[in-house]
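There are two complexes below, and they share subunit A, which is joined by subunit B in the first and by subunit C in the second.
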Partner chain A sequence: LNRNCLDASRPWLCFWILHSLELLQEPIPAAVASDVCQFLARCQSPTGGFAGGPGQHAHLAPTYAAVNALCIIGTDEAYNVIDREKLLDFLWSVKQPDGSFVMHVGGEVDVRSAYCAASVASLTNILTPKLFENTTNWILSCQNWEGGLSGVPGLEAHGGYTFCGTAALVILGKEHMLDLKALLRWVVSRQMRFEGGFQGRCNKLVDGCYSFWQAGLLPLLHRALYKEGESELSQQRWMFEQQALQEYILLCCQNPTGGLLDKPGKSRDFYHTCYCLSGLSIAQHFGNMDNHYEVILGKEENRLAPTHPVYNICPEKVAQALQHFLRMPVPEIHFRSNKRGRSVK
Partner chain B sequence: MAESEEEVDVLVQRVVKDIANAFKKNPSIDEIGVILCPEARYNRSPIVLVENKLGVESWCVKFLLPYVHNKLLLYRQRKHWLDREALVDITCTLLLLNPDFTTAWNVRKELLQCGVLNPEKDLYLGKLALTKFPKSPETWIHRRWVLQQVLNQVSTLDHNKNQQQAEAVQADAERNEQLSDRLARTLRQEMKVCSDAAGRYPSNYNAWSHRIWVLQHMARGNVKVLHDELSSMRVWVSMHVSDHSGFHYRQFLLKELIAEICKRPAHTSTSCSPQRGCSTVPEGSPCPHSCSHSNGEPSGQEAGGEEDSHADFTTVLQLFHQEMDLCSDLIQSFPGHETLWSHRRHVFYLWDQWVREHQHSCSRGSDCKLIHLTDPDPGVPEISSQSCAGQGHGVNGQKHASEPMEVDGLFLPDPHNSKRLKRGVLLPCPPTLPTELSFVSSVLGGCCNTEQRHFALAYRKWLDTVIGLQS
Partner chain C sequence: CVTKYINRKEWADLEPVPQDDGPNPVVKIAYSEKFSDVYDYFRALLKNDEKTERAFALTADAIDLNAANYTVWHYRRVLLQALSKDLKEEMKYITNIIEEQPKNYQVWHHRRMVVEWLNDPSEELRFIADILSQDAKNYHAWQHRQWVIQEYKLWDNELEFVENLLEEDVRNNSAWNQRHFVISHTTGFSDPAVVEREIQYCLNQIRKAPHNESAWNYLKGMLQDRGLSSQPGLLERVLELKETHCSPYLLAFLFDCYEDALENITQKEKVEEEEQKETLRKALEICRLLAQEKDTIRKEYWEFLGRSLRNKYGNGALSDEPMAENPEPSISASQSQEAS
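After this line comes the complex of A and B, so read on.
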């Protein structure tokens, strides 16, 4: 990724860094947390949603990142930054009739947008079935014969898009409509036999960030198959080689001066730090609150906090946010015309 | 070297101007790059133009980029005014250094919309940016936006033309030709840009996705283009045997072609064969399975669509056969490339799907025979996929006297049909589960590459568990 200019990624930086800290169980000083809240408030667009930086147009990706970052902070100040009514307006403004979402007004469609929308809508309790009408079918049409999902229907299956599509369907309660077995076959084939890490697509090189995007699918699939009545599921392990992934991350993806990276020879960055750590967490922790099984490679100090496989923030933070926002009513969207001049309720 | 704000200002203005002048001086610049040069030694411009290559010395980037970036942001926040020419120059400089800077592309969208810039300029700028940043998502996204503007323009003109039927037909025909020339040129250019970008970065998802988008929007249903692409890609994929995206593109072309071939209407006055090439597919095909296609001969038709569905079937079979052939060839020449096996899976899967969908479109003629795609046949000798064209039997080496409409069966015209023999059409062997299994055996028998063994075994497992289970 050409990251010389991260002007459109500042909420992302907040999320990548905050999430890394929470996985490392590093407390965030109150002053820092407050600063972040104020900064993100300035990234919020007057018309709803969050932008890549102050003064820019709202975009689903930084919106996802901002909401996640605020939920990690988890204070009332953080929750109060989010203008729920306007956020709902924003989501409606990017919703397409075929069920998909554009990433920003006037922008392009791809399956990430559905995930970003579903994630923020569910966390802040502004989700309605109408908002996601046809979205399920659109996401399903992104699953191709390989079993993975593509960015838009008809393209190549790809790790990042596959995670986004699957996680979105989990949020909408429709993951069982995927061909789960084909998806399982595809994702497990993406773990590299030699390196132990994951590749994004067939015949590509390993990359540390896929430790989350790809390996993160296995918890989602495990739960989905369990709900389908699959009897042969393990009670202790995910369906990927957890130890090998941990080895790849710990042995190959660390910068000696701190931070994590794609593969040896690459430079560190916050994106890879976040997703390598997230993948490490997935590989260390099986199960949920009731049935938890750990596999920690190396010293006990290597243990990270568990992460929620759908939202990729810590499960307690998810629960806390839901608890906070579920007390509030789902906003009614304002009676107004959308761009096509139709009245929208 | 501490630079004062004014010095930076002067330097940057000069550099931006130098870049703009370079383009004026040489409109054929075809590549950009950064020249590793950590210090400014002489008092000269960091912009270097040699033949058609534009270089920026690296020492100035750290001044240039933040400064120009900031200027543009200030403009956007209405804190600083820039006239149109300055905007064009500044965004050009910015995007050549960092084409993922969305704001800069958005400024150019506005300039385009008010006529200050023409679309060709942005397509050119994008093409240059891609020489250094072949994946740049924002560049590809902007490119599609520009192309959409061009397509809208063209369709508006087209629409106006239709409304003025009364006027000089000659002028209309000429304008029509100009329009389709322009589209054809644009299409070719896009294919080239995609191809170059694909060559610069392996498995370039964005470049290939763009390529597919272009075909879907500028060559929808165009069988000739699909065929041309399929044939020109043979060489490319043979030189990029690990490029999963390149092979995925072939899978896309195959699917589209087959869909188009099976869509063509029953009656057209001109003979239309993929070998000869149709540039337009007539709209509104009434009958999906009977077409006028007749291998280059005038469509003297027999009763019903029998001949046509034979011919369709032959074309589709030939396409699949050629693809499997190419795949086998590459698998044997370049052992141990997962993409090739993945491609094989996909092609076979497509073939299998197609056969299942068309099993019911049987001819009513009595010279139909059936083969069973998944019949095990221990009696069949090891055959390579090319060798059975001359045989007078079905693929399984036996004559079948089966009934038509059998669920598992596949309709195959009898090779003994004298009309077919007269035309000298050699029907290649359709791929079947047994032939695929024997391919795997032959690979396993001959190879000592561990990866190749692994992929061959995995393919066999897939055949057994996924395909085998469907029959």
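After this line comes the complex of A and C, so read on.
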């Protein structure tokens, strides 16, 4: 099985696998954790951020994956891998005047980049309002006539991009600026009435990975609506059919030899394993300020650990990372005049 | 079989650089000998910042082995400029690569860069049309198409292109999106003649394929800023369709019309209380119908909307339906409640 196509995505492999194991409540042996830390350290670019592999250029997607993986490990060794000052330099180097971010120097813009940047900046406590100046407005311009968000303004609403844009706005505290009602209508409409799983876009096919990208929006919207004073929200359920999603994942998305997948007939991979499990966790666990309510389809052993709907790592790991990095001062940016204003063109 | 770089005389001066995975690598990829050979030399070129023809040629091999390696693509672009390479040739190259791997981010971004450098979009619409003929919903293709059209102001024939795609597949949501894109950037949706034409178009498509969510979403999406009840006669036309072309989408649209009407009634001076009560009753009836019969997968949502609407516009005496506060759905799975 040729995996060369993932040679520029190795931190992703670390995250997909570590997150799957943490959802399955499978402990990570200390030696493995340490090996991952040392590998990710080799993926870190001397100019900041993480690359798809040793010696490659930094890119926001493996940066997101690496920081998440290190936070899952959660040891001091893991946290110490991250060079926060350089990471901030990297984020500035990909920031665009219009508020968007390119995925890497000389690379493409789309809303994933804002999420990756907001995620790592908030977890490692290097976030400043200046860094995300205009980003809110740029993300908002990605909400379209369908109610969901597109990758860049003008395009079709899409589950992956909608998750990224919405979660980024939640991190920035600006989710209320979306048309939440329109977004809610769009995302609930993405659950397939026959299959029970979610599609990525209107009139397309179901895919197990959207169990997270789409269903994961419901906890975010629940909290956003609650903060807007919505009084009629359920106290027990997300606004999607939780049992139906669990049925789709468990009955249709498992490989009998292990691992999860898009839909029957497709082959397993670590990406789908991660996101099917993440979606299963979302479908199993309802939680708000006051209570935690579970719906476990099948045996008790099917229960997964809860996942944080913004970062998609376990909530304890989020809290622990925040606590660790909040003790440190926000770094001063080093090369502002050189690296700012480097445009896509 | 091509000779490995390590065996090529003209590369003998360069020391290959093995990948530094460290002593205890994780997520190891089982590279072929060919892969390791090419990338060992790529790393050597990068290390020396070599900007030569042979470096340029090697990038094609590296891309062929992993077209997602954005570091290689970046380097290739540096070389294209440093060596003043023929960009028209590069267009041919990237055309072929995209045809082989149309779902890769890097290849489309590279094409965009070359088009920008050449300032020549003349092949783009035809090329993208060809890619779309193989996969009419390829997100990258649509993204590139919108960029080209907007950048080079190539709006003229796009509505026709969209209509042809919708003729082929009226359920192609990407095409519906493109329709919205073209109109909003040209005539806009303020012109009543345009709106009427679009409503007519939607209703015709709905008559042909009643369970096409895209058409209903487009209808709503186009009108929602002005308010669904702002369009005179629309509600009646939809109610007509309800008899013969009903769908959960039609019902949801009706609900949205009623909700919009309630939104506007309460803002007017003279409020017909009976009229408001009746509109609310109809809206709530649709919520119930959808939640319990016609769109049960979205039960939680429709029940929430019903509660919200009742809370906003109703009062205790209004509803003649018994309503539990937060009805607990019956479910065969185990349930447990814990305080957090």
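Just so we're on the same page, the second predicted complex is superposed on the first by the 329 of 345 C-alpha atoms of A that agree within 3 Å, B and C clash if a C-alpha of one lies under 4 Å from a C-alpha of the other, contacts with A are read in each partner's own complex, and residues count from 1 in each chain.
Following the convention adopted for this analysis, a residue touches a chain if its C-beta (ideal position, glycine included) is under 8 Å from a C-beta of that chain, and two chains touch if they have at least 3 such contacts.
Just so we're clear, the structure is a prediction, and the values are computed from it rather than from any experiment.
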*asked:* Following the superposition defined at the top, how do subunit B and subunit C come out on subunit A, clash or fit?
replied: clash
*asked:* As a test of reading the superposition: which chain, subunit B or subunit C, is in touch with more residues of subunit A?
replied: C
*Would you check which partner chain A:Ala319 touches, where first means subunit B only, second means subunit C only, and both and neither mean what they say?*
neither
*Is A:Gln38 touching the first partner subunit B, the second partner subunit C, both, or neither of them?*
second
_Partner chain in contact with A:Glu108 - subunit B first, subunit C second, else both or neither_ = both
*For A:Ala244, select first, second, both or neither according to whether it touches subunit B, subunit C, the two together, or no partner.*
second
*Given the touch rule stated above, what does A:Gly55 touch, subunit B (first), subunit C (second), both, or neither?*
both
_Just checking: does A:Glu294 make contact with subunit B only, subunit C only, both, or neither of them? Give me first, second, both or neither._
second
*Where does A:Ala30 make contact in the superposed view: on subunit B (first), on subunit C (second), on both, or on neither?*
neither
*May I ask you to decide whether A:Met328 touches subunit B, subunit C, both, or neither, giving the answer as first, second, both or neither?*
neither
*Name the stretch of subunit B, from among 39-47, 111-119 or 273-281, that runs into subunit C once the two structures are superposed.*
111-119
*Can you list the residues of subunit A that touch subunit B in one structure and subunit C in the other?*
4-5, 7-8, 52, 55-56, 107-108, 145-146, 151-152, 154-156, 158, 193, 201-204
*Residues of subunit A touching subunit B in the complex*: 2, 4-5, 7-8, 52, 55-56, 107-108, 145-146, 151-152, 154-156, 158, 193, 201-204
*So in the complex, which bits of subunit B are touching subunit A?*
65, 69, 73, 76-77, 97-103, 133, 136, 141, 144, 202-203, 205, 208-209, 212, 242-245, 248, 252, 337-339, 342, 346, 349-350, 454
*Sort out for me which residues of subunit C touch subunit A in the complex.*
17, 19-27, 29-32, 35, 39, 43, 46, 65-71, 74, 77, 105, 108-109, 112, 116, 137, 139, 142-143, 146, 150, 171-174, 177, 180-181, 212-214, 217-218, 221-222, 224, 295-301, 304, 307-308, 311, 326, 328-329, 331, 333-340
_Complex contact set, residues of subunit A against subunit C_ = 3-10, 13-14, 17, 32, 35-36, 38-39, 42, 51-57, 59, 103-108, 110, 144-147, 151-152, 154-158, 182, 184-185, 188-189, 191-193, 196, 201-204, 230-241, 243-244, 246, 287, 290-298, 300, 345
